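Two complexes follow with subunit A in common, the first pairing it with subunit B and the second with subunit C.
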Partner chain A sequence: MSSSNIDRRDFLRVLGISGAAATLAGCGNTSIESGAELVESYVQPEDFVVPGVGVYYASTCTQCGSGCGIMGRVREGRILKLEGNPQSLISGGKICGLGQAGVQVHYNPDRLTTPMIREAGAFKPVSWDKAMATLTARLGSSSTLSGDQIAVLTGEISGHQKVLLGHFLESFKSANHIVYDALSPAIGQAANKAVLGVEQPVLQIDKARLILSFGNDFLGTGPSPVHMAAQYARFRKAPRGTLIQIEPRMTLTGANADRWYAIKPGTEGVFALGIAHSLLQHQEYAHAVPAEIAEALKQYDKDTVSEVTGIHADAISHIAGMLWEKSPSLVLSGPSAEGHVHGFNNAAAILLLNLVLENRGKTLQGQASHPFPQLTPASGSTTALAKLNQAMSAGQCQALLVMGANPVFTAPTFVPFASNLAKVPFKVAFATQLDETAHQCDLVLPLLSPMEDFGTHVAGYQPSGVELAIQQPLMERLYPETRGLGDILLDLLKQRQPEAYKAFPDYYAYIKTAVTKAKPVFKSKSSDDDFWEDALRNGVLRLEAPPAALEAHAATVKVGKPQALETDVNFPFFFVPSVRADLRDGRHANLPWLQESPDPLTTVVWDSWVEIHPTTAAQMQIREGDILEVQSATGSVRAKAYLFPGIQPDTVSMPLGQGHTGYGRYADGMGVNPFKIFDPMYDERTGELALYATRVIIKKTGEHARVVKDEGATNLQQGRKLVATMAADQAELAKEISRVTQ
Partner chain B sequence: MKVRMKNILVWLSLLVLCGTATGEPFVQGGAIGSQTDDGYNALGPVVEQPIEFPHNTHAGQMGINCMYCHTYARRSAVSGIPRLDKCMGCHKLIESVKDKPRIKKLFEYWEKKEPIPWKKVHDLPDFVRFNHERHIQRFYFREDRPVREVCGYCHGDVASMTTARRVKALSMGWCVSCHQKDHLENAATTKTSNGPNDCWQCHK
Partner chain C sequence: MSLSNLIKNWSSLRVKRPYEDQYKDKDYKWAMVIDLDACTGCNACTTACYAENNLPVVGREAFSKGQAMHWLRIERYWGEGEHMDKFPDHGAQFLPMMCQQCESAPCEVVCPVGATHHTPDGLNSQVYNRCIGSRYCSANCPYKVRYFNWWQYPERAWPNPLEQQLNPDVTVRSKGVMEKCTFCVQRLTEAKNRARTEGRRVADGEVTTACAQACPTSAITFGNLADDKSQVARIWERQQIKLASDKQEKDENLRGYRIFEELRTYPSVVYLERVRDSEA
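Presenting the complex of A and B:
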């Protein structure tokens, strides 16, 4: 009998029955394997270590600059999950999705495990001794570099790492600490400084009855999203506060608003002055601004403003009425209002509304003065990078140290950072993982992950009093050949100034000494060791301090003639990049949890897309998934179309953060990088890059691909009216406020 | 010829099916002759350990409570293996057995500060979540039953063995058979209750 006697159908039938039998047998304990696994025990564990039971340690989140206190759940010596630390007023015991993904920085399979040196064009793993020898040969005690010959490029950095970096540069008689932030809030900060006298006022969202926000995404990408989300929750409790959002492309905050207006990008200042003009008609506001401003504001009648901004004329008196009714209010300017040639003026005009409405001291306050100004963060800007780029281009820079910044990825094409970087003879990257910039360096030093290192952090946005946040390891280092940035800096300083640093065997000893020295400021009576232990246990040192007063400089607001936007026949669309709360400027694209979490507005995952208004798409006969070429004067990218009603019809938008080419397996090849199509537009006042001022043209390529998203049906809300909405123009004012109709 | 072949195959598979589909596989299936003391053909293999630890001396002759060494069992889902300094806490002071080969080995591990690579004897599939703490708290602390009996429900009479060997089936039907029994709620009452019957209690 040969097997050919059984036909296929018989074979499958028999297979089906015996397969079922095998499956049933498998329901027993066939996977119990006595003696197959080791159950190693502890030799001498701490008393509180119980296998299977998690222990929480306090630390500080380093995913963004908010400085949230976190707690890490550690079990069997491994960090499993992060939570908020209730001792921290900034986080209030809560944590965001970006913070949750912090464990993936630590466990990332693309992490660097040994130092590497570039030899014949390729990286070669070397020992720490060799790496440090290479480093100290250039930057040790025998180094002849000084002044502008050496530069340190970082992202936002605070605490004692910043202090050590400063001392390191001082030892070269240099102050070249370049802080680069591709999404820098510098324009808004400059306007705050000019109008209110401080760079970053404290927003008391929960005290406001109405928030008028011009593109400020305080729930998603603001200076302290976790803290502000908690405040926002209180703001929405009875009596429910009203949120009005005005922006060209809907942000996460915009999606939460009661009223959302699509505005032509860059005309936010005109709209704000239109509201100011409308408010000044009321007797109680008539003397709120200097007479010449009041006079100039007369040009901002509602029809002119409506024509410039593209928002219905009635909306202006409508919003002014609501502002009048619901006091105190809070008026916020955001990146999409500030990233323009007149960005500073826009922000100043928006802030003027706060002065008219007398929100100072009610919903806007100054930050408490900081007892340790040397620890406060050096906030980043794009002008700093331009300066470094020039120095590199001129061949001034002989050695460059890079950490926490990736300008090869984020610098626009007209800042040829990558090619100028090649002119620097010695480039060192300090990183947990290779990125596009580290790939071009000569020496790469693998850092401990934030879950393995000690540190101190001070948030740039301190909601109340002052917090000094302590970071401590949540587990032993995964890779023996990694080291902390503080330890490396200390080693270099010991080479250069042995006397000053010989008392500190490591960075831990340094920050312990420094923090315990600050004991009198925190009015503690405990011993040094107890004070330090308490600081580690609580994860934060708090100092209550009264808020500072804000100044009022209404006269600094320039009120010119309302100018309509010029049309550009070659590039008819406004290009508004969107900043995702998770990927930010692309630094978190290596974390798969963030790649796979759907974008809150579109639900798209693992990709880039082009948002276009459905009406515009219909006119151009574009369907979802059509591959579009978005071309500006400087470059072009291609991505799938996504029809999105939350956008101004003459505007297209693309998310930033994707399009990596050298940032590990989870980031590379996902989407495209819109940083590379920005036009060279700068804010007139600050010289900062104007990120929202690019104009583009949309070309259909004829190709089509499916948009990978969680949304399901393409029609909004599954074809059901799950959340009732109406056009803002149709809303009746009388139903929203009472005072006006009396 | 073709028909006969087909019939044989179908009957063969049905036979296999009958043997396993009636419920608990190890009552009728399993290795023949490997019978556990409660009637399952599921006796575990003898597992050779790095040190032949004599449970019979410690728990049997000396009468040491199981939880003196297995201290995590009442506190955690896993009972864990005793920490090495636990062994040393006593054996540093017991001069009479210091020269025995097993104790010498123990001291070697201690001096190297290396954990002893014990092999796991009582294993469960990864999709089963068993909680030691719940069972110990219920039967030992609330019902006040003897510790050898309580641990023995799943581990057998380890106090009569040297190194442990699996003598219970630890299969789902075996677990359920105990969960279906009426157990006293505590030592002071005659009120009874059963173990949970929800899938998610163990499969989560």
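Presenting the complex of A and C:
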């Protein structure tokens, strides 16, 4: 599983043990050697710094919420490169491109280097003393704010930073920690909870012989892509599992499918129930669902389902046959199935298949119970933002602290976050770099980069047991006028509750105490200091724990009449946004490696584009590079056409993440922001924004520009044996030598 | 390498290398295997390559002119035929493409100054300070994996403090020179030196390339072909691929192949065929 057998003893060294005191030895009897005089070297090497030799320190990646263990290569005091940490079960010693680019957050030329304060409409750099004075004047011991008057808006956050934030809010008698995730999986989580009893089950991809995925991009943008990729590698070894992907627009996972089907967006639930209907013809599955569901499923005959979904009728019985043959299977629902008005029902219908096929306990498990529930991440949603937006609009919110979220960029047009933000009298951004939201705040505090700070992280997706991931600095801070979020929060708490926090001189002392207090849970017999140093050296504290059982609530799945999609003559196309594994919701668009890393499916760089199926493009006489206006009822954006075969012909797709206007030199001016054309459509069960339910019309503008992409003149191999493909029944994978299976 | 020298040595360049058991008594012959059934096209390897080898980010305009400097790129194909008017029913076809470290490299013979040549451990090396920028090598490379510095990237690609990320083990190349994948020669050199100091050969798995180290599905295997117990040598043997052959005689159900082998470049990279369940 690990990348190599590189000697770990050479790789992993402890940070922070006291260095050997500079000793001088030699021959002769000078006053120096006899100790009468002390000569100190002008150059005092730091611990483990050997010029020319790179040393690896363990830490944790914070680029997404997966909590991958990483190792940073440090040489001459500089962090140079990140690798996966083999001690971490989540990363398994591997790392993705997004994780690699973590060093560019740290070295970004557009990083904030001093606090800034808004004066007469413009930002002015100020000292930390001044900035903290401004902050404590409002939020210190004399603050009169309480309850709903104060709110903290963050992205996904876990560990002790989350705990301190909670304590900080508690000191105001407030619980307004709003976790906003523009690409929230909340609809799918709600369906998991209703059908399986847990929000996020553990997927055992490697144990499945057949995976049927409805738009679940577990290799690209799922909850733990690096871990899933390692499982996928084992899934593909003998006996080789089969992957069938059904989605309106091909994701990275779809690109790796044995069989890929284009489906009309939003009809995934109908297709899943069609398969359920077909499966129930088999005697062994007949009793898997309650009688009324079995009865209702009779409406889902293959011709009806085929007409609604646009997939050939034979595919339904074929897939059902394969599911019957290749057990255990795993049926997954993904964002493109869930982001609809009936998204919850879609996801529940898809999950029902797992109950029919009895995949519980085989390829689907419950996560082990967590010994530190207060450290687990708060799941983000879009409803949380809507609620905050209302409170701001009503003038309730007097002080807002923002970190790790950029709603001015990602909030849809009908959630006028930017204008309501102006109604908040005191807005503070904590950031390593200015973004669109920070630009509108009154005070901006520059944070340490993730390469400079301590922290603890708990991933929301724990593949096995529980990992408490430790983040430690991989180098000294680049800018003296930057501070860690934990330290700032601790300072504020010390002002408000001096007695409770006086024991902790800084955040380092706080988490060291907190982590060593957890020692009994990890059944360690070492001393506190040894336990802490081991934790730093390994980068992760692991606790083995058995998986929990999943429940089965088939009766909660609502099986209505198979509904055909309504057509909208004004907006004839379905609009399917695509989420890039590197840029995500746009928070990583400031990293040059990721901007220049071609999108895997289209190979386009540094831009936005509109994907359209070649046959549709031919009918509309659209060529690659024609600038199209994509207009919804809410708004419109313009981008170049890209002819893409992996898309349903009545659908157009655009990638999210580009179109920044205040996020530094690498992000600004690159492409457009499709968040701004989403229609106000909501999942009727959860109230979450339905990201895949927008309809658009395509207009040719008559303009044309060259698409900047990596692919050459042809997409086709034209007889050259570049990528050869072998049929699965021909390849003798069991006889091959592979590190993955060893 | 002058023209007369080139003509004089033509036969040795084109025929004598590689020959059977060329590396039999040598300590090292670096080689690679890429499993296309495991590769998901995720670009982790390409980003790792940027980080390890000081590859400049060229920006949109230069990229549009084909001046990207990605030593390792993921090519994406949709299949055979003339048009792509149907759905790609079996997904995309991803191909990680980098210098194949050919044993009989077409780039080496055309270099007028000997800036690209073959090392004793089987790498196709590029000597930056010998390169005069004729770009003949790039024109002659059938894999199109050589990248030319059209601009003085050190002046523009790493605005302060991005330059602090640069790997001190790797040169930053200036305008007018050709560059390409080196199999992370700086890592190999370090490992070889360490092993030599300790009086041994580099052990299997002791050193790997940045791409192989990052790859989340472990699709890339790197190692020493001269060590017949190494993973890479065992895979080559099991796949019945012979380094010095331009047409492999192998069993039908084996997935190993080398790209453009028929051009007699004798590449050091074996690809394992992508697999698809044709029943699905």
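Note that in this section the second predicted complex is superposed on the first by the 669 of 742 C-alpha atoms of A that agree within 3 Å, B and C clash if a C-alpha of one lies under 4 Å from a C-alpha of the other, contacts with A are read in each partner's own complex, and residues count from 1 in each chain.
Criterion: contacts are C-beta pairs under 8 Å (C-beta built on N, C-alpha and C of every residue); 3 or more make two chains touch, one makes a residue touch a chain.
Computed from a prediction, not measured in an experiment: that's the story for all the values here.
Of the two partner chains placed by superposition, only subunit B is touched by A:Leu38; subunit C is not. In the superposed model, A:Asp148 makes contact with neither subunit B nor subunit C.
Annotation for subunit A, partner touching more residues between subunit B and subunit C: C.
When both complexes are overlaid on chain A, the residue A:Val50 reaches subunit B alone and has no touch with subunit C. By the touch criterion stated above, A:Asp650 is placed in contact with neither subunit B nor subunit C.
Judged by the touch definition given at the top, the superposed model places A:Asp528 against neither subunit B nor subunit C. Of the two partner chains placed around the shared chain by superposition, subunit C is the only one that A:Glu711 touches, whereas subunit B remains out of contact.
On subunit A, the patch touched by subunit B and the patch touched by subunit C overlap at residues 1, 5-6, 52.
By the touch criterion stated above, subunit B contacts subunit A in their complex at residues 1-2, 5-6, 9-10, 12-14, 16-17, 20-21, 24-26, 29-30, 42, 44-45, 47-48, 72, 75-78, 80-85, 110, 113-126, 165-166, 169-173. On the side of subunit C, the complex with subunit A involves touching residues 35-38, 40-44, 46-48, 50-52, 57-60, 63-64, 68, 70, 73-95, 159-162, 164-168, 203-208, 210, 212-219, 221, 231, 234-235, 238, 252-255, 257, 259-260, 271-280.
Residues of subunit A touching subunit C in their complex: 1, 3-7, 52, 75-76, 78-84, 94-97, 100-101, 103-104, 107-109, 219-220, 225-226, 229-230, 232-233, 236, 240, 242, 244-245, 250, 252-262, 322, 478, 581-582, 592-598, 600-601, 603, 605-607, 614-615, 618, 643, 645-646, 665, 670, 706, 708, 710-711, 715-733, 735-740. Taken in their complex, subunit A has these residues touching subunit B: 1, 5-6, 10, 13-14, 17-18, 20-22, 24-25, 27-29, 31-45, 50-53.
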